[in-house]
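So the structure is just underneath, and the comments pick up after that.
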Amino acid sequence: MSLPAGLLDGLLALLLVILAVRALIAPTLYQCAVAFISFGLTLSLAWARLAAPDVALAEAAIGAGLLGVLLINSLRDFSRGGDDASAIFGKDLPTALFSRTVISCGTLAFAAVLGMAMFHMPEGGGLTALTEASLPHSGVEHPVTAVLLNYRSYDTWLEIGVLVVAMLAIFCAGGFEGFRRPEQGPDSDPVIESLARLLAPLMVMVAGYLLWLGKAYPGGAFQAGVVLAAAGIILQLAGWQIIENLSTWAWKWGLGIGFFFFLALAVSFMPLGLGFFEYPEAWAGPLILVVEVLATLSIGLTLTCFFVYFNGMGASESRRRTR
Amino acid sequence: MSALWQADNLPVWLVVWPTFGAIVLFLLPARWRGMTGVSFALANGVLALVTVFFVMEVGVLRQEIGGWAPPLGIALALDGLSALFILMTAVVGGVVSVYAKIYFTQVVVDSARSSLFWPLWLFLWAGLHGLYLANDLFNLYVVIEVIGIAAVALAVLSGKTRAMIAGLRYLIAAVAGSLAYLMGVALLYGSTGVLDIDLMAERLEPGLTTRVAIALMLGGLLVKTAVFPLHFWLPPAHSSAEPPVSAILSALVLKGTFFVILRLWTELFGVSLTFMAGQMVGVLGACAVVWGSFQALRQERLKLVVAHSSVAQIGYLFLLFPLITVPATAVAGGFEWAPLAWSGAVYQVLAHGFAKAAFFLAIGVLVMATGNDHKASMLNMVGRLPMTTFAIGLAGVSLIGLPPSGGFLAKWMLLSAIISSGQWWWVPFVLVGSLMTAGYVFMILRLAFAPSQHEAELKSVPRGLQVCALLLAVGAILIAFPAEWVIDLLEGTSTFGEVVRAGAPVNSGEVGP
Amino acid sequence: MTWNEWIPLIIVCSSLVPGIIIFFLHEEAHRTRTILNLAGALLKLVLVGLVYLGFRTGEVYKFQFQIMVDLEFMLRVDALALLFAGLSSALWLVTTIYAIGYFEGSSNRRRFFGFFSVCVTASTGIALSGNLVTFFVFYEFLTLATYPLVVHSGTLKAVEAGRNYLFYTIGGGTVLFIGVVGLTVLAGPIDFSQGAQLSGLLENSAFELKLLFYVMLVGLAVKAAIFPLHGWLPIAMVAPAPVSALLHAVAVVKAGAFGIIRLVYDVYGINLAVELNVLWPLAILGAFTIIYGSVRAIFQDDLKKRLAFSTVSQLSYIALGAAVPGMISSTGAIVHLVHQGLMKITLFFCAGNIAETTGLHKVSELNGIGRRLPLTMGAFTVGALGMIGLPPIAGFVSKWYLSVGALDAGQPWIVAVLLGSSALNAIYFLPIIHAAWFKQPPAEGWRDLRPKRRFEAPWMLLFPPLVTALFSITSGLFAAMSWSPLSLARVIVERVYFLQ
Amino acid sequence: MEWGRAKAGAVRGRTMETHFIYMAVSSALFSVGMAGVFLCRHFFKKIIATKIVGAGVFLLLVSIAERDADTFADPVPHAMVITGIVVAVSAAAFALALARRIRIETSRASFEDEEAAE
Amino acid sequence: MFWNDWITVLLMMASGFFFLAGTVGLLRFPDLFSRLHALTKADNLGLGLLVLGLIFQIDSLLDGLKLGLIWAFALLAGSTGCYAIGRFFLHSDQKVRESVRPKEGGGE
């Protein structure tokens, strides 16, 4: 390992641990959120260092980006009556030196055992060679896409299902299904709105590009979907209220179409004697592309809906409070 | 079209059908969901019956998804144990669906909220089917998460603050648990380079990494199965949900992760387990039996009694592991108790599934009639709601393990296995657990016979709800009779059965104390 | 499956089916319910009679259903089963009639008669069980079925008694459970085969056999109310009279006593039991309980309580007889199963009549009651004298056999116990009889307590004790006849001792 | 610009120990996160803690992928991580929504926070 | 090292200086507006120099274009974000204004 590279890795490692600890022990929630978002971005760098650009994209966009937005968005409810994380209910973490020492030592010991286990891990060899050998039959050229959408498409399909389940779950948490149209329009701002106008189409384009790229390069449905969601969120922040103005029918189908079509495709070749999620080799490429397009749409819409609904939960409350 | 319906595709349909139902229900408007949901549930029942008959005829079935063989692709495996769990899910789920249909249309006014039940429930069902069929560690993680999120969503469906808090606790425990599981999977993948359970079992070698991985996976799954002392999330979550949801959570969702533990323990962990590992899990189970029962005795609210009772009843399941994890020397004389222990635990799953679901549904009726689930609301119920009291009584009989009931058979088999294995130190726990169970069951029933001082007028409860509760309770009794058949199904066709029948000790290495 | 295989199941179901139907009947459907009850009881009695005739000609009645390996549901008719089944079915019919009269006009009759039928089902099931597992199943089933009867009145006292009852019986059942499972693990499924399965294990597992014997004995002793596990019985007195009658004479306590007999003669076999030397604790406890129960009975003023302690005492005759090896004392134990049932049910019926008709519960209030209820008190006198052991009433026969058996086995101390017990019986029963017939009624007159036109209790209440009293006399008087309980007991004992 | 391949080639030549560093980080993050899940009281921090646990797990998977790289890094763990991230974010969003609802309705911000509830 | 590498290093160092300066300003400046000023100005310049440095390392024109776009978007987002923060601050009440004041260091 060359020195500068090692230095960079070491620095990243240190930063990651410090940020993680910071995110958990920061005195105010705001600092927690900021530390956590920084953590997510630093993690993206780590992914890049580990030759995982797909993961880096996903992490930066979903892990740090979307979740960061949600965290910051909910801060205004949590920091009501003071942002001090410990002010509301006494002490957050034990403050006594003894218990702190015990906790730190315990965590360290646990980490040491786990680290030893990793250090002693036999070389399983992984599935790199096998993936490479089967890549020509997968219909795509990028190995990660091949795994996601062909070899292990069953998992990916279920995972899109998880998004739908999570949407339903968030509906449950909010106590109603669907989106409330706000009583008054949001205060729009010319500068932000013009930025949104500029960025949104560009982001849609980037999403399409990422999607297309996924066939051969890092990128694909998830990353594209998240970029799409980011566009949606920016538009929402600019006061566009796209989701609220969609008909129920439209957003439901939008949310479900990726999952539904994936399922339909998975079974549609079974009459020909192929298995579940098995495509004719010649068609695999185009079919995967179609699946990806629809999945991107659904993912983008779902994540935007997460935000919109989430935002609405707080907004309706603040209205209730002011009344 | 014949290829589409050929029997090999059965595992696929088991996953596809409820998923399809879930997405259809999601797309439908709220008012059409109830009827459609029940139809899907009943169709699931038919599918489950077909599955069971099929497994009896053909035996273990494997299906590779996407035309890619493991280790690259994912395979589904359907064996006797899966079939049995699928059948239980179908029967309990079917009755609960009918109950939910009546409950949510007649009782809960807020249809926009309560109609969320249906797509979530079908997703949960699909997840359970996926879980029973999974043969791939990462696939298991995904379905566990589907189940986890859907289960928590259902738990908070009532919209009560108490349910929300309990739900959040449940969710965080579940997420932490499944991430611990995933950490174990990562370690195992690093060690073996495969994810398929069968392939990994061939390659896995004992060692520090394997042990830590097993500990993490077990730990994570034990949290999700609510084994003492990791059960803290269960009582509030199960007691604050709507009755049909409580029934689903306790009867099916808990059993899902138990299924995973059972499967991994017998098929994957094998050589890496030591006698002490089995004993430790057994100790947790034994403590759960005593602690859960003790807590149940102390509760003032019926739903909490029943929820704590789940902790205890789950504990019995974990007495299985010390019995099938024994040093090779002890096995030299014969390992004949393993099938007994094994079918005993499975029977406990079935019995508890039926009985606990019946219990929760019956308490739902009670709450509807009296407006609360305080113990005192049971007063003089035997005269006023005889059918529901009877359901509680029958379910209680099965929980205690009195004959003739599924619970009795389960305890019979477990106790026989314990005695023949020579691990007599589990006997007191089984017995004390039974006695304490009797304590809290009859604490409830006793009140049903007692006169009440000022009797409030009962609100009328749809008869269908009472019938549903009674059906499940009668089921908990009746499952005692086809035991021979069930055990045949388990031993004759499942991969577990092969392990057990071969007489091979799960552990080949170290000898315990 | 032939007819003979189904008959035992039909006998058991002849009360279960009416019971279940009764649950679904309307509360007010008195007539249907009465018909169902009586029809079930008659059917059962007739079937038992038929089986008795068939059994004498060597027919085999056996129903089997394999639940799983080592767990078989088996109903089988043998002589002992027939004896107990006959007792239950006969007394059920009588008690049903009594209960119909007793509950005339009270509420919750549907529940009562439903569980009542289920309870008899359990009792018949215990009688006909062909193996240890089936016996255990019905034994526990009985616990469950009787609980609602004990708490039937719903008063706080009843509920309290019910809790006590459950505490003892569920505990006992659990202990029995270990014993049954342990023995099954040790020797495979246990059929009632006079110890044939176990004798082979004597060399290697004598300790386990001993241990399991004691464990099961404890489990059974709870229901058989052997000291110190008798605590539930006197408290369960709060139950209505027909229930007390049933609990004390047939169902619960007899299930325990019957179980002990099965355990000693059919599970272990008398030879094995003697070889293991496990019977003496039973003998000592039995003897102690006999004296203890009698002494306690003397000091009870509540009539039903006095009878309850008397039951505690009398039941241990059976245990004691079973614990003394030898044909004669075994005969005494088995025949006392029937005789005690007949006499005790008479006494409880009478106590119920007194309470129902005059509202009196205390022994001290019974002065001159014989004039008010002459027939009832007549039956009572027969029962009481039988308990003391006066010839020619049934109790004499049992005591005679027990004493001779004890002498035969070289254990004369038992005779002393029996004599002492008889004396104590006399001390607590004779004053009642004396007061009832010879003392002056209280000055204000109990007749005014509940003025009624009729002098006696209603016929439905009167008829049952008279019948059982009659039976007590005849089975003592005609003990030598071939159909008497004594003859049947002899058959059983011969089988136990010679047909191994 | 063949990212995956070009980079992976570099990975092969460049380091043997990179994955060890990140495995160490992985174990640290997992442990810290788990401690946080159990010890932190505020909902907000508990949720962040679950995410840190997740990061630890994913880091291990990707390190393994890097270790097993050939012409490119093992894509299966990458796919697992991408799936895992989406699942974890879904769960976290749900948890956050629940926490927010609880906060709005009861002004509670932790499970122990009983007195604030009323 | 070729000449373009030297230029890259030089520009990178300059960019590092501006980032550092911006960060110090963020931490040390007394009020919100001056902090925003420090942050956006210095960061934009830092990023610009960074991108410029990287331009000397690329093979194709397309990559250069992409780098330029990154800078442009960051500039746009940065200034809009700065604007949004400022606007929020102006419209918010006294309590919020107090809360963003540094606890130590910067004076009024």
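So that you can tell them apart, the chains are marked A, B, C, D and E in the order they are listed, and the count of residues begins at 1 in each.
Throughout what follows, a contact is a pair of C-beta atoms (placed from the backbone, for glycine too) under 8 Å apart; a residue touches a chain by one contact, two chains touch by 3 or more.
The shown structure was predicted, so the numbers you read here are calculated from the model rather than taken from an experiment.
In terms of the distance between Cα centroids, chain E is separated most widely from C. With centres computed from CA atoms alone, B is the chain lying nearest the middle of all the protein shown. Simply put, of A-E and A-D, more C-beta pairs touch at A-D. Set against the Cα centre of chain A, the chain with the most distant centre is C. Distance between chain centres (mean CA atoms), chain C to chain E: 96 Å.
The distance from the centre of chain D to the centre of chain E, each centre being the mean of the chain's C-alpha atoms, comes to 29 Å.
Chain C has its Cα centroid 43 Å from the Cα centroid of chain B.
Chain A and chain C have Cα centroids lying 73 Å from one another. Contact of a single residue of chain A with at least two other chains is seen at positions 114, 118, 121, 124-127, 131, 151-152, 155, 159, 162, 165-166, 169, 173, 175. The touching residues of chain A, counted against chain B in their complex, run 113-114, 116-118, 120-122, 124-127, 130-131, 134, 150-155, 158-159, 161-162, 164-166, 168-169, 171-173, 175-178, 248, 252-253, 255-256, 259-260, 263, 266-267, 270-278.
By the touch rule above, chain B contacts chain A in their complex via residues 1, 3-4, 9, 12, 16, 19-20, 22-23, 26-27, 29-30, 63-68, 71-74, 112-113, 115-116, 119-120, 123, 126, 130, 138-139, 142-143, 145-146, 149-150, 152-154, 156-157, 159, 164, 167, 183, 187, 189-194, 203, 205, 207-209, 211-213. In the complex of the two chains, the chain A residues touching chain E come out as 83, 189, 191-192, 195, 198-199.
Only residues 1-4, 7-8, 10-11, 14-36, 39-45, 48-49, 51-52, 55, 58-60, 62-83, 85-94, 96-101, 103-104, 107-110, 112-113, 116 of chain D touch chain A when the two sit together in their complex.
Per the touch definition, chain C reaches chain B in the complex via residues 23, 65-71, 107-108, 111, 136-137, 140-141, 143-144, 147-148, 151-152, 154-156, 158-159, 162-163, 166, 170-171, 173-175, 177-178, 181-182, 184-185.
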